[in-house]
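Each in structure tokens, the structures are laid out below.
Two complexes follow with subunit A in common, the first pairing it with subunit B and the second with subunit C.
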Partner chain A sequence: MLFLQLLVNGIQVGALYALTAVGFSLIFGSTRIFHVAHGATFTLAGYVFYELYSVAGAPWIAALAVATAGAGIFGVLVDRFVYAPIQRHEGSFFTVFVASFGITIVVQNLVGTAFGRGFVSISSPLSRSVELAPGLYAPPTAAISVLAAVVCFVGLHFFLTRTHIGMALRALSENPDLVRVFGLDPRRLSSYAFALGSLLVVPGALLTGATAGLSPALGNHVMLISLAATIVGGVGSLRGAACGGLLLGLAENLALWQLDPQWSEAVTFVVLFLFIVFRPAGFFGRVATQ
Partner chain B sequence: MIAYAMNLATLIAINAILAITLNFIMGYAGIFSLAHALFFGVGAYTAAWIAMHVTGDFFLTVSAAALVASLLSLALALPALRVREVYFVAASLGLQVLGTTVFAEWKSVTGGIGGVIGIPPAELFGVPISDPYAFLALALACLALVIAVTYALVRSSFGRSLTAIRDSESAAAAYGKNVALIKTLAVVVSSALCALGGALYAFYLSFINVESFGLDTSILLMAMVIIGGTGTVLGPIIGTVLLLLLPAGLSYLSFLPHTEIGSIQQMIYGLAMVVLMIFRPGGLVGARSLGERK
Partner chain C sequence: MLTRLRALAGFAAAAIAAFAAAAASADEITIGADLPLSGPNAQYGDTFSQGANLAIADVNAEHMLSKTLVMDYEDSQALPQPGVVAANKLVSVVRVPYMLSAFTSVSKAIAPVAERSKTVAVNGGGVGPDLAELGDYFWNVIPLANYEVRAMVPYLVNERKLKRFVLVYVDDPLGDAILKDLHTELPKVGGELVGELKIPRDAEQFAGIAARAREAKPEVIYIASFGAQQSQIIKQFRDNGVSQQIVSYSGFAIPAIDQEPEAKGALYTSQRMDWESNDPVTKHFVTEFKAKYGKAPNYYGANYYNAVMLFAILAQGLEKKGEAITGENLLKERKAVGTFNLVGGKMEFQANGSVIMPMQINEVDGKGGHIVK
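== the complex of A and B ==
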């Protein structure tokens, strides 16, 4: 029964990880920007929703709209005002990475100063657990997480295969030079990638706030998970990132079956480390790593 | 006041050792490790264990700390040989998280979250160094040694091979350089010297716990190197002095709430990282751009 319970928890967490990781992977795959501040977007979206819905008492749909818009705008602003100037004079992977890390540190501490360093949780009737079978509990948010993930993935799939911008984004990840020759502006496409990728953190941020709670340091954890899922799944493959996220969510929870909770994060990183050393291309990766 | 300045000077000397050894792999070998605090911790815990269970002799404890750290650093060298960039950063992050968990959980050696208490002072030729002036002198001597060793290595043919590998691994290999061996040696030397800093830290505070060796420390060390100037001799030292004087300076500004000084410090260095990367990616000292150019 414990195993089933952990499986249910794992699926819920995994679905949210998958969404966040796909956002990260979409940005990384199409722009080659190692956007570790993706975790900061997650924290911001969660806290904006918390402030409006739980503290100010706004209707949830309005709070959701503001949090969504906030996430997208934050992503695009970071791309425009931090990454674009860096890429103009130099493009080294590490310069971008350090700047992105700096943003994460600033956001984490701003949020910590404004809201306190402890956990806050978005209370809602949906986060109360229901007994599904004797001894097996799951809150409605678990179903909502899975549903949100499926809806977002289907939407994303159609966006990337049926619309002009989506096709251009896929082209950008395949061959940026050819995109430029074709007359499309890679900088503008990069903004689209950031907006879209950042929007994908919103369901994860809200539902994590409603179940496990939010804390300023959560962004780091989300960033590590997204990065791990992207690599385990294979860089450049959105399907891989989704599978990777789900796998890591499951691994983290199923590890509790045998190990103490403080080891669950270490389990994730042992998996990641082994993948990097022995199969850096991940499950679905095609990109050379050297 | 004197005691305060002495304390700050000793911590600056210890942190400068860590920053310089990180710069050695980051700036010259292009290995961007986020696991440096791990080797700092390994050095500190090894030194503490030897001092409490075997001998307090400074040279013996430091050698043991350096030996353990260099063996464990092979775990970092392994991904450094196989992958680059994002993959390596991720692997080093993984090691750091794993290491922090082990530090917190291996209670018989590390004391868990509570840490190791009551580490005896280091002994130099049988004389315990408990006087703060003598300890500062010891820390500065170690710092001078680390600067001398890294400087000599960077200027030698080994250092030139390292920068060649950083700028183009395949070109270096084509010139007949043993890329794997050179990279592994760089990681081992850096970690062993970093463990020296860890040993000094354990002896200085006589108390260590896992909080000093986590990801936050790795990030702080990286910030020191980057803000000062990657791949320069002076850069990491300047970065260390600046980042350690920052909280001291902030605490003099009485209008800032005391509880927030830590996060204000972090905001300032976070912002400094962003601004420097946009306008001066080589850091305060370095004029050149980082690593390989596109």
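== the complex of A and C ==
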């Protein structure tokens, strides 16, 4: 029963990791910007929802709308006012990375100042587990997490394959120069990528706030998992990032079946290490050829 | 010519700044605080500094010392490495004779710095029993965890008839110390440690660990962690079907735990402190704390108030004798005086620089907690 319990937990956590990882992968794949501040977007979305829903008592749908808009706007603003000026001045990949890292620290401290530096949680009866079978507990949020992931992935697939902007984003990740030849503006497309990638963190942020709680430093862990999932899934592959996130969530939880809890997070990095050594292209990544 | 003039102006400005700094420091006595001011344990730093700042204000208002007492705060982030960097700055650059410390791992890391530089380091927040053995220059104004475990275990086993314990403990000297004490104390009263779950300091997901804890069929879950992680463990354990009695050490004595709805009913040990006491020092502290911060004080606030007042009493004694306020002299003075009237009553130091105080068991009730024994 312990194994089954850990499997259920792993699927729930994995679904949330997958959502966040896909957002990061979409941004990185389309723009080649190593958006470390993706974790900060996650934190902001969670805290905005918490403040409106749990503290101010706003209806959850209104809080969700504001948190979603806030995440999207934050992503676009970071792209427009931080990354774009650096790139205009021939800023290197590393310069952009450092700027992104700086944003993470600033947001972490601002969130700490505004909302307190302790732990807060979005109180909801949905996070309370029910006993499905003797010794097997699952909260409604587990089903919601999986459902949210499926809906987001189907929606994203539809958007990327059936809409002009979606196809342009895919083209941007393939060949930015060719995008210009077709009269499209890579900068505007970059904003779309940031908006979309940032929106994808919202379900994960809200559900994490309800199940595990929020703290200003939460984004660091989220970022680490997103990065690992992107590498495991194959850089540039959204399907791979989703599978990578799910795999890491499962590995982290199933490790508890046999190992002490102190090793469960290390398992994530063992998986990452094994992929780097034996399958550097990840699940669905393309192997680079000379 | 212009370049030379600019250089001269720069030199003059630097000289004025240095002179101003020296003039300011001539009117001040600076002590240090190596506390967590950022990161997931910053809420402890807030609580600690509230008590310390209140003491600074009292010392200066009552003109206990010939100069103004000021505190130089440095951020340990509750981590050993930044803690040592901060301690080195305090002893080598600011040259404080006395500094406040917190957290077992940080305190153990900075103790050699204090010993080497003959600077007194005073802990009011870390409770690892090892802290009693860190040398002459490391003092504790808080009773250590071994006393907390010794108070909690007999109460649960004998009075509440709860014998099967699972320990969820952080990978840190504090967690290891509590594990060791539970191994020692439980067999003495017929209790049993049926599960030991060691977690990393930065772990945030505990649903799987809750499943492991449930599997052991415990009657008590003992949490030995700190900061935001404690609240996360409680919430996720309760959400994931763990309904057993939750207990902990004095790390639960923070507002975040009191305000966590799922923590209601949890038990934790702390030093005995009668906030209603008529003792003038305690009464003054409680009144001033409520007036300044608009809330009731807690044990940590009292400990750091005591730590600063202890310095003021010792420094006052040295000034009266015409001796310099140095770490060496403060140590000599503490040994000479021995007992101090501080918040909570008389504080007496043992030879190892730690204090022994009676303990009490508290229950989290969302209203600041109440004493159950």
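Assorted remarks:
Simple rule for what comes next: the second predicted complex is superposed on the first by the 284 of 290 C-alpha atoms of A that agree within 3 Å, B and C clash if a C-alpha of one lies under 4 Å from a C-alpha of the other, contacts with A are read in each partner's own complex, and residues count from 1 in each chain.
Here is the rule we go by: contacts are C-beta pairs under 8 Å (C-beta built on N, C-alpha and C of every residue); 3 or more make two chains touch, one makes a residue touch a chain.
Computed from a prediction, not measured in an experiment: that's the story for all the values here.
Aligning the two structures on subunit A places subunit B and subunit C in a clash. In the superposed pair of complexes, A:Gln262 makes contact with subunit B and with subunit C alike. Of the two partner chains, neither subunit B nor subunit C is touched by A:Gly166. By the touch criterion stated above, A:Leu110 is placed in contact with subunit B alone, subunit C being left untouched.
Using the contact criterion defined above for the overlaid structures, shared-chain residue A:Ser127 touches subunit C, although it does not reach subunit B.
Of the two partner chains, subunit C is the only one touched by A:Tyr137; subunit B is not.
When subunit B and subunit C are set side by side, the one touching more residues of subunit A is B.
Judged by the touch definition given at the top, the superposed model places A:Ile276 against subunit B, while subunit C stays out of reach.
The clash between subunit B and subunit C in the overlaid arrangement falls on one stretch of those listed (5-13, 23-31, 149-157 or 275-283), that is 5-13. 109, 112, 260, 262, 265 are the residues of subunit A that lie in the contact sets of both subunit B and subunit C, per the superposition on chain A. Residue ranges on subunit C touching subunit A, taken from their complex, read 38-40, 42-43, 46, 171, 197-200, 202-209, 211-212, 214-215, 227-229, 231-232, 235-236, 239-241, 254-256, 260-261. Every residue of subunit B that touches subunit A in the complex is listed here, in rising order: 32, 78-79, 82-91, 93-95, 97-98, 101-102, 104-105, 169, 215, 219, 222, 226, 260, 263-264, 266-267, 269-274, 277-278, 281, 289-294. The part of subunit A that touches subunit C in the complex is made up of residues 2, 5-6, 9-10, 12-13, 109, 112, 116-119, 121, 123, 127-129, 131, 135, 137, 139, 211-213, 215-218, 221, 252-253, 256, 260-262, 264-265.
Listed in rising order, the residues of subunit A touching subunit B in the complex are 28, 34, 82, 85-86, 89-99, 101-106, 108-110, 112-113, 220, 224, 227-228, 231, 235, 260, 262-263, 265-266, 268-270, 272-273, 276-277, 280, 289-290.
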